[in-house]
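Presented sequentially are two complexes of chain A, the first with chain B as partner and the second with chain C.
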Partner chain A sequence: MAAPLLLAPALVALLIFVVMPLLWVARTSFNQGVDGAYMVSAMTMDNYVRFLGSSWYLINTLWFSIRIAIVATVISVLLGYPVALFIAQTRGLQKSILMTMVLAPLLIGLVTLVYGWIVIFRGGGLLNSLMIAIGVYDEPVRYMWDLKGVVILLVYIGMPYIVLSLLDSIERINPSFVEAARNVGANRWRAFWSITFPLTLPGLYAGLVIVFTLNFSAFAVPLMVGANDTQMIGLVIYREALLNNDLPFASSLSVIMILANATILTGMAFLFGKLILNRLEAKR
Partner chain B sequence: MNASQDKAIQVASICRRYGDVMAVDDVSFDVGHGEFVSLLGPSGCGKTTTLRMIAGFIMASDGTIRVNGRDVTHLPPEKREVGFVFQNYALWPHMTVAENVAFGLKLRKRDKAFISRKIEESLGVTGLSGYEDRLPRQLSGGQQQRVALARALALEPQLLLMDEPLSNLDRALRVAMRRELKQLQSRLKMTTLYVTHDQEEALSMSDRVVIMNRGKIARVARPSEVYDDPQSEFVADFVGTTNFFDGTVTAASGGVLTVRTRGNLDLQLTVPTSADVGEPVRVLLRPERIRIYPPGQDGPNVFPGRISFVEYYGPTIRYTVQLDGGESVYVETHNASGAATIGDAVRIGIEPGDFRLIRSEGGRP
Partner chain C sequence: MMRLDLGALALRLVTYLAMGFLFFPILITIMVSVNPQEFILPPSGFTLEWFRQAWTSDTFVRAMGVSLWLGVAATLIANALAFMVVLAMVRYDFRGKALINLLIMSPLLIPTTIFSLALYVFFARLGFGSGIPALVIGHSIHVLPFAVRILTASMQNFDLSLEEAARNVGAGPVRTMFSITLPVIRTGLISSLVLCFVLSWNDFPISVFLAPAGWTPLPVELFSYIKFQYDAVGAALASSLILISIVVMVVIDRLAGLRRVLR
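This part shows the complex of A and B:
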């Protein structure tokens, strides 16, 4: 009797703040948008047809968002994996300092973060001044208000999640697993690929789910540092809903975004399940 | 063949420092081919560190380690070709039983037929046929330990190192596995170095026991020698239970020493150790060597006392007897004759040959 009662506040909050808005969005996506007015209640597929029937939207918004999310997520993993391996070997103060550095992007508000990055990355900013001063290149390189800046920032924000979830997996690995592999004849490299790496896949999977979702639905980063051609789907939804006042179209885009993300995550769950999770998790 | 090749393991003066602490301090011993040697000692004595240095998981700060005459001191673990069985089994959780066993064989690029024959063979030997496709988490602790053993045996190592392999099992299983392991080792004539803190395990399985204390070797001897003639206080105390009597030699004639203890008992000893009259000594006596007599019995080495505590073990009973002189001794008897109870007046009797003598070191009484 007590357990359901304890769940009640969370369930009510979930219902009010997640389920109901989602249902509202789903319903709205079938309404008719009207210029200069709120919207007209309807049951039409127009909004979906407008998006899915347009190769421009499909290529420059949906596929573009997926590509950027994949690229930024992969780079986060490539950079974050060695960092997690290194931190797992440290102890005490050294570990605290490294963890603080890794978690910094999560501790600083996104807006502060982005404006800080602008100081560094803009045309006459620190990075360009430095690179020109030491002669790496002659002309300032355009990072801000460009795709490069968007990817760099997504990687920067995504990395802490990757490192944290990997670190958890790595630290769970019994050191004697690697010793046992070395004992039967595996060198360091082979022991890593055959033992350590597969056992970190659950952590990698958890990190990928979070970071891919964040990247795919990114809105603030492309808004603040993107260019006219960085039309990521989250940004387009924002523009349609709040600038163009076309709630039905924005809602249909939201539904498409959620379904696309769910499809990709399902694929990932299947892949990782095949790879490792089915073996490590207890069968029921 | 030179002397070093006669030995499966030769450890010479190895040390391991951690900062200012010497975890292993100048340890040397040999293990002969086919021999079963245990490293026994309390936790923190350096026995596991020693084993791990031989396996190459820890590098020796000093000294040399030879395996079958080959100097492996500076080789990485994968080049040492010694089998290792871990206390926590260390089975790779994402691999099936067969995959665990096959991993080392695949690294050696053996062909498929050979590998599957080896899997079958080593699982057969350890009694796990039919478990090939199970994952480690689907096995009990005892089964997991068998897989760990099969994994080591599949590579036909010339040497098997085992780090407290039975300590995570419950007692009945531990005793059964101990016997099975020893029989398997004898049958395969597998040279084995076995780390344990369990004296029963070390005594019952080993050809020789290396007893370690605080990073150093305290004694190397056959199990019966270790128990019957400990030669040092530490060994006497760590292996089994011992009664200690501190005293002074008051007479020495015709191979019989008389020792006057602090509690004013006159002990008559016939021991191989010689001592001078007036010398302070420590006398050791195993509890099961003492006999309990009813009051009235008299003779040399018969002393009156009173039973102050009784521990009932089943097959044996341990009495604590408070002697009239003030000393108290443990007496262990078979659970056969009528048991005495607390407060009973008794006499204890000791054969002169059952005492062991330690000459006090550094003037300590």
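This part shows the complex of A and C:
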């Protein structure tokens, strides 16, 4: 009797303000957008055709977002994996400090973090001044309001999630496994690839799911440091909804984004499942 | 043997490089904000002038007021809801628990872009568009899963016989709640309140979709500011936000453990 009463407020709030809005987005995606006015209720595929039928949108928005998300995710893993391995070996204060540094970008707001990057990267900024002063190049190079800036920032906010998910699975590994492998003559490299790495695959997958989704749907990062040619799908959704006031088109883009993301994650799950199975069989 | 040491060394090196990558922009922001000569590094001295200007700027102070109200409202709503949810989930057994848990954690699983757009479209349908109610609701729901997670951890360790003892000596349910339950879980509760507030205070994506004109939270205001100028006053404001966030991180780490909370 008491449990339903306690749960009711939160569940009602979530149904009204999460589930219903999402369903409403799905419904809105079939409506007709009207220039300069609120949309007209309809049942049309126009919004989907407008996006999926345009090779420009497919190449410069959908495929572009997927590519950026893959690149940023891979770099996050390449950086995050060694960091997680290292932090797992530390103890006490050193561990606390390292963890705080890794997690800081998650808690400090994006705008605040972007400020520092702009100071470093803008045309007359630190990096350019330094490079020109020591004679690496003569003219300022464009880092911000460019693809490079978007990728750098996506890695910056994605890497902490990779480290967090990996750290959990690394710390769960029984150290005697690695020790056993070393005792029968495996060097550290071999012990890592045959023991540690396979056991961290589930953690790696969990991290990849979070970070890929974050990167693929990003709109704040390309909005802040992107250029006109960095039309990631999240940014197009933001622009269509808030600047062009085309809610049906923005909604259909969201549906396409969710479906594309689900498809990619399913493919990745399949790949990881195979990878884990292969590892198990190789050991038999 | 040589190769092994090289491996360990490489690991350490990559970690330090990554840490540098994570911390460099933060360090630079702080350096710029206390440097008397704008943007000329290395710093030629120390000044709090930029901080004074940032904290007395009308635009920023108004935006801080907005963020403060928004953060407090979202924190209180989310924690009230979360507290009831956690009481039910930890103390009662019922069917469909996994499904309910999934629904409660769903705000974490949905990309912020989609969640913000959904609320925007939904409130536009109701005739509000972006507005204070939409903004407060968006923030409350966004931080709800974090509150549930922290409070669950502290309620699971709760010794029920404490409440029983209070009841036995004649305390009613309300009295028991305030003099036994809440004090016992206070570290979890404080961590949850602080974390929810900071997440709301620093949020940009939800606010930019849902904030009404004339009621702009600080991160959105800072964003429109740095779109046009990168002066040391902006750096001072960014530094203030960084320092507040770091203090909060240390507090949460002491009370509840940062890792468990953010995952």
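General observations
Just so it is clear, the second predicted complex is superposed on the first by the 263 of 284 C-alpha atoms of A that agree within 3 Å, B and C clash if a C-alpha of one lies under 4 Å from a C-alpha of the other, contacts with A are read in each partner's own complex, and residues count from 1 in each chain.
Please note the rule applied: a contact is a pair of C-beta atoms (placed from the backbone, for glycine too) under 8 Å apart; a residue touches a chain by one contact, two chains touch by 3 or more.
Everything numeric in this text was worked out from a predicted model, so none of it was measured.
In the superposition on chain A, contact of A:208 is made with neither chain B nor chain C.
Once the two complexes are overlaid on the shared chain, A:118 sits against chain C while remaining clear of chain B. In the superposed model, A:164 makes contact with chain C only, not with chain B. Contact with chain C, but none with chain B, is seen for A:251 once the two complexes are overlaid on the shared chain. Of the two partner chains placed by the overlay, only chain C lies in contact with A:98; chain B stays clear of it. Residue contacts after overlaying the shared chain place A:88 against neither chain B nor chain C. In the superposed model, more residues of chain A are touched by C than by the other of chain B and chain C.
In the superposed model, A:108 makes contact with chain C only, not with chain B. In the superposition on chain A, contact is made by A:187 with both chain B and chain C. According to the touch criterion, the shared surface of chain A, contacted by chain B in one complex and chain C in the other, consists of residues 187. Looking at the complex, you find that chain C touches chain A at residues 3-4, 7, 10-12, 14-15, 18-19, 21-29, 32, 39, 41, 80-82, 84-85, 87-89, 91-92, 94, 100, 103-104, 106-107, 110-115, 117-122, 124-125, 137-138, 140-141, 144, 198-199, 201-205, 208-209, 219-220, 222-223, 226, 230, 234-235, 238, 241-242, 245-246, 248-250, 253, 258-259, 262-263. By the touch rule above, chain A contacts chain B in their complex via residues 174, 176-177, 179-187, 190, 194-195, 198-199, 276, 279-280, 282.
Residues 55-57, 76-78, 81-84, 86, 88, 90-94, 103-104, 107-108, 135, 137, 151-152, 155 of chain B are the ones touching chain A in the complex. Within the complex formed with chain C, the residues of chain A that make contact are 2-4, 6-7, 9-11, 13-15, 17-22, 24-25, 28, 38, 79-80, 82-83, 85-87, 96, 98-120, 122, 126, 156, 159-160, 164-165, 167-168, 187-189, 213-214, 216-220, 224, 234, 237-238, 241-242, 247, 250-251, 254, 257-258, 261.
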